[in-house]
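Each structure below appears as structure tokens.
Presented sequentially are two complexes of chain A, the first with chain B as partner and the second with chain C.
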Partner chain A sequence: MYKIKLEQKERVSKREELIITLSAIGIALVLSGIFIALNGVNPFVALWKVLTSALGSSYGISETLVKTIPLIFTGLAVGIALNSKLWNIGAEGQLFFGATFATAFIIYGPVLPKPLMLTVLVILGAVGGALWAAIPALLKIKFKMNEVISTLLLNYVAINIADYFLFGHWKGKDNFPYTPIFPEEARFDRIGFGRVHIGLFLALVLVVLLYIMLYHTKIGYKLRMTGSSLKAAKYAGININKTMFMVFLMSGALAGLAGVSQICGIEYKLHQHISTDYGYTGIIVAWLARSNPFIIVIFAIFLSILLKGAESLQIAMRLPAAVGIVMQALILFAILGSELFKNYNVKLIRGK
Partner chain B sequence: MKKLFWIFVTIAAVMLIAGCGGSTAKGEKLKAGFVYVGPVEDAGWTKSHDDGRLAMEELDFVGESVFVESVPEGADAVRVITELAESGCNMIFTTSFGYMDPTLEVAAKYPDVTFLHATGYKTDVNYTNYMGKMYQSKYLAGIVAGNMSESGKLGYVAPFPIPEVVRLINAYTLGAQSVNPDATVQVLWTNSWFDPVHEKEAANTMIADGCDVITQGTDSAGPQEAAEAAGVYSIGYDSDMSMFAPTAHLTAPVWYWGVYYKDVATKVHNGTWTNEPIWWDMGTGITGLSPYSDAVPQEVKDQVAEVKVSILDDDQIFTGPLYDNMGKERVKDGVALTDGEKLSIQWFVKGVKGKIPEAK
Partner chain C sequence: MTDLITILFAAIASGTILLYATIGEIITERSGILNLGVEGIMLMGAFFGFYVAYTTESLLLAILGAALIGGLMGLIHAFMTITLQANQVVSGLALTMFGSGASAFFGVSMVGKTLKASFEVIPIPLLSKIPVLGEVIFNHNIMVYCAFILPLIVWFVFNRTKLGLALRSSGEEPLSSEIMGIKVIKVRYIATIVGGIFIGISGAYLSVAYSRLWVEGMTSGKGWITIALVIFANWNPLVAYGGAYLFGGLTQLGLNLQKFNIVFPIILLKSIPYVFTILFLLFISLKGKRSNLPKALGESYFRESRG
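Entry: the complex of A and B
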């Protein structure tokens, strides 16, 4: 008889953490490979196809970047909350609410000169997302409500609010659920590389700013302190409630920006499909990146390649769409499983 | 640790041997690409298109076709359609309303490829839209439902309040009222084409409310399963859904896209294709009723057959007098709605219990 024994680890080095994360991804890829092989396709050929379709041509790279942009925003949104050990599962809803907020201005407000217009829209999107995140923040602070549940459920409410307008006041002349195409003033410029738009720069600037804030300012210190130990944070005189509230607002604002970036950067209208689960994929991105803003960019690209690759696999290999979903699930599963190895020494011992 | 390494090596080796990369068929055959809004096994809308795709492949000048499922109806669709064009497709079919503008955008960049969009209304030199007059088959299904319902209360699980869906609900209601003037149709919106759980819940709500025949405008078999479990009748949609509700399922108004897909492929092959939009009649065979279950009596079948002949002869389904469900007269006695009016209809006929959200 063998027994599995778990011993809590004292401390994990960065190096060890990295090795565990990378092996988890490796294991997930191997498992995905088996799944692909069971579908009668050579997994190495499939992997090659995924990589070449995403990175093998300038078109592929540009499209990968287009999908990376919203994932950076939502990855940052979830990541900043995770730094304070807060789970924001509501990035999807905040994305939609931010987009709806900005769209309201486009529909009811004046058409301003482009730089001013875009500034207003970006601010409104961030404010919208922050407002939507303020609800679970207040629920947590005032009533100790678990933010995992409240943020998740509010997603459906936010999407339904967007639907309310799309099927009602904002619907198209043809009675279909989308707003009119936005005027030129309300569109992000493209940077001259496929459909990649200036939302990418906005995202990258925020990555740098958040990194500086987190690791080189007092606010960032308070934030991380709240995450590592509530008791210690209180002892150090940090106002926990205020910090949590601020974190939620920032998190929501970032997700709201993902919404603006989608409607003004690529869709040019509000409709039901402005997000292909970017709010949820952002959770995987943030978790894989251990909430480090720079590493979030890397994993946003990684997941973008994977999501895009799943489409190419259907076209080139005739694999079902489910393959992509299974691969994503396996990666998340492996990463969550690897937590065990991060926090414990797992030993196989011979028992009686 | 070493053991683990060897296990991985073995697995990798097995994978290398297991699959051999697919090679595509050679020759000058036409290659078609399909963009689907749901999974192929949705048992409804997407399945009906995939059946049509396979039927088209039977033509000897059509090679192996390719499809992409569950494609989001937004900016992502542009990339998928582009990749299909780049992979050498001669014809690209996009099968949901949300692909209208993305397809238009890609069509402009690939003038040698023929683009065909289901359910929309835009065209370009190499781009057109196609649809069938499903409302005729829905009317026939309504006759079956009106005959089979005891309560006179019918339930309809509906996706979106868009003209196409509204038109079909109206036709179904008018069909039921042609045999039971007091019949009403309760409508519940799911705001999604494919959402099995939500659709099932909507059906259960209406069954609890006394509806004894359930039908749907959505794409999953959820409502059928709800009807089967509750012991009421059901009428499927898109594809024959009887396998999900062997006793409940009476019949289903279904799409036979193969009829059209074969026609397009032939015309593209012969160089006679034009970008004229089509909205085909039931007589072409693009829509129809799936085989009846044993529960449907012979006289109902005969009645439907008779009405079908009269519709094919002279379609008077949307001929006045027609009143909306607020009691207002919408179509005067003897006046018929034009195709344009049918295509943009945005009001429910009398007897439909449901609301269409107002525009500003």
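Entry: the complex of A and C
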């Protein structure tokens, strides 16, 4: 009978940490390979396909970046909440609500000159997302309701609300559930690289701003303090409820921006598939990145490579679409399981 | 009147899905492990149960298969959170993702298939003849009847057996439990696996007995509703009855609003289960009743810290 013995490490070098993380990703890829092999596809061919389709051509790279944009927004959304130890599992719903909010203006409002129009849409998307996030925030602050459950349940409701309009007042002339194509004034400009649009710059600017806010301002200090210890935060005179509420609003606003960036940057209309679970993948991005805005960009790129690759596996090798979700889950498991090895020396010893 | 009987009957039938899962999650949480992977485990149970029922035409094997896969999913969560001491929230989310992904991945071949074997309705002699009550309660299939008994058994195990005591104390005071000779790690492993088994069965009940088809993502949030119902039930298996059936009833009532000439957009009716879940939680919060919340729920337990 063997037992596992743990010895706390005194300190972990960055190099060691990187090696452990990379090995974890390696293990996840091997496990994914087993899944793929079970479906009768050679996993090595599949892996090669993932890499070449996502990075092997300028078209592939541009399409990968197209997925990176919403993932940066949702990653930031979940990440900023995680900084205060709040779980926003509702980015998917906030994304849809923000998109629905902005779409309402396009459909009912006037067509403004482009710069003004886009500003209004971006603000409305953020406000929509923030409003949707305000519900779980109030439930948490006023009624101590667990935000994991409330944010998740509200995803279903937000998507239902979007469906209500898509199958009702907003449905197209051919009776399909999508809005009319947006006017030119409501579209993000492309940057001259495939479908990549200026939403990318907006995302990157927010990365920098959030980094500065988190680590170099009083608000950021309050926010992180609330995350590290409620007691200490209270002792330091921080109004915890106010901080939490603000964090939720910012988080929802960021997720709402993902929605606007999808409808105005890529789809030019609202429909049911503006997000391929970007709100949920954002959780992985934020968690893997330890909520650090700059590292969020790196993991957003990493996961969009995976998503783009999984998409082509689906088309070229007829693997079920869900292969992407399975791979994401396996990576999450592997890295989650590797944490232990970062903080402890794990030894097998002969037990009694 | 017939409308009401139909709704109450449907409340029991649909509440059963939630009851199996709620009992499973109560068992797990009482030992101190929070498993947010319910949605994923349910989907795996639903897919695998359906797959086995379709290929073997044996209902017993279908339920056993779903139990097995549910137990395995529980084992993954136990290994991650107990042995590798991973964050329970993240591991649960990963499990949900994995379950919904893997069930969709393998389930492609089962979409649109119909089952030959079916759970037959077994009217309970005499009891099923009682007006209204008989029709609503004693005119179901064996899976529903098993769910009637399950909470009683679990309550008995919790409160009248050594195992139950070990389980509850592992969730309250793991450190002192260990000193008292309780093998906390073993107990938590068992509780997480057994919990997974019942959650897996709830999935199979959904796909094999209730809706009789497999659809990708067919649980549509029932796993999360379960987690809320555990709180509503105050971690008490006997209150879980009330939670699951009441919830089933209210949802059915909402879905049948048109029958009572209340005009409401049909698409928005789909939101009713989620809104009700939040209202349930709100109700509990206002009553302030969370006395059975396991003290050590969600916290990693380091045996080494015993020194």
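Definition applied: the second predicted complex is superposed on the first by the 303 of 352 C-alpha atoms of A that agree within 3 Å, B and C clash if a C-alpha of one lies under 4 Å from a C-alpha of the other, contacts with A are read in each partner's own complex, and residues count from 1 in each chain.
Just so we're on the same page, contacts are C-beta pairs under 8 Å (C-beta built on N, C-alpha and C of every residue); 3 or more make two chains touch, one makes a residue touch a chain.
Since the model is a prediction, treat every value here as computed from it, not as a measurement.
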Touching partner for A:320 - first (chain B), second (chain C), both, neither: both
First, second, both or neither for A:333, with chain B first and chain C second: second
Contacts of A:116 with chain B and chain C, given as first, second, both or neither: neither
First (chain B), second (chain C), both or neither touched by A:167: both
First (chain B), second (chain C), both or neither touched by A:18: neither
Which of chain B and chain C A:145 touches, first, second, both or neither: second
First (chain B), second (chain C), both or neither touched by A:266: first
Those residues of chain A which chain B touches in one complex and chain C touches in the other: 39, 160, 163-164, 167-168, 320-322
Parts of chain A lying in touch with chain B, wherever the complex brings them together: 30, 33-34, 36-37, 39-45, 53, 59, 63, 66-67, 160, 163-164, 167-171, 174-177, 195, 262, 266-267, 271-274, 276, 308, 311-312, 314-318, 320-322
Of chain B, residues touching chain A in the complex: 8, 11-12, 14-16, 18-22, 33, 39-40, 66-76, 78-80, 82-84, 87, 97-98, 121, 160-163, 191, 344, 346, 357-360
Chain C-touching residues of chain A, taken from the complex the two chains share: 4-6, 35, 39, 87, 89, 139, 143-146, 148-150, 152-154, 156-157, 160-161, 163-164, 167-168, 280, 283, 287, 319-326, 328-330, 332-333, 336-337, 339-340
Contact set on chain C toward chain A in their complex: 36, 76, 80, 83-87, 89-91, 93-95, 97-98, 100-106, 108, 216, 220-221, 224-225, 227-228, 231, 265, 267-268, 270-271, 274-275, 277-278, 281-282, 285-286, 302, 304
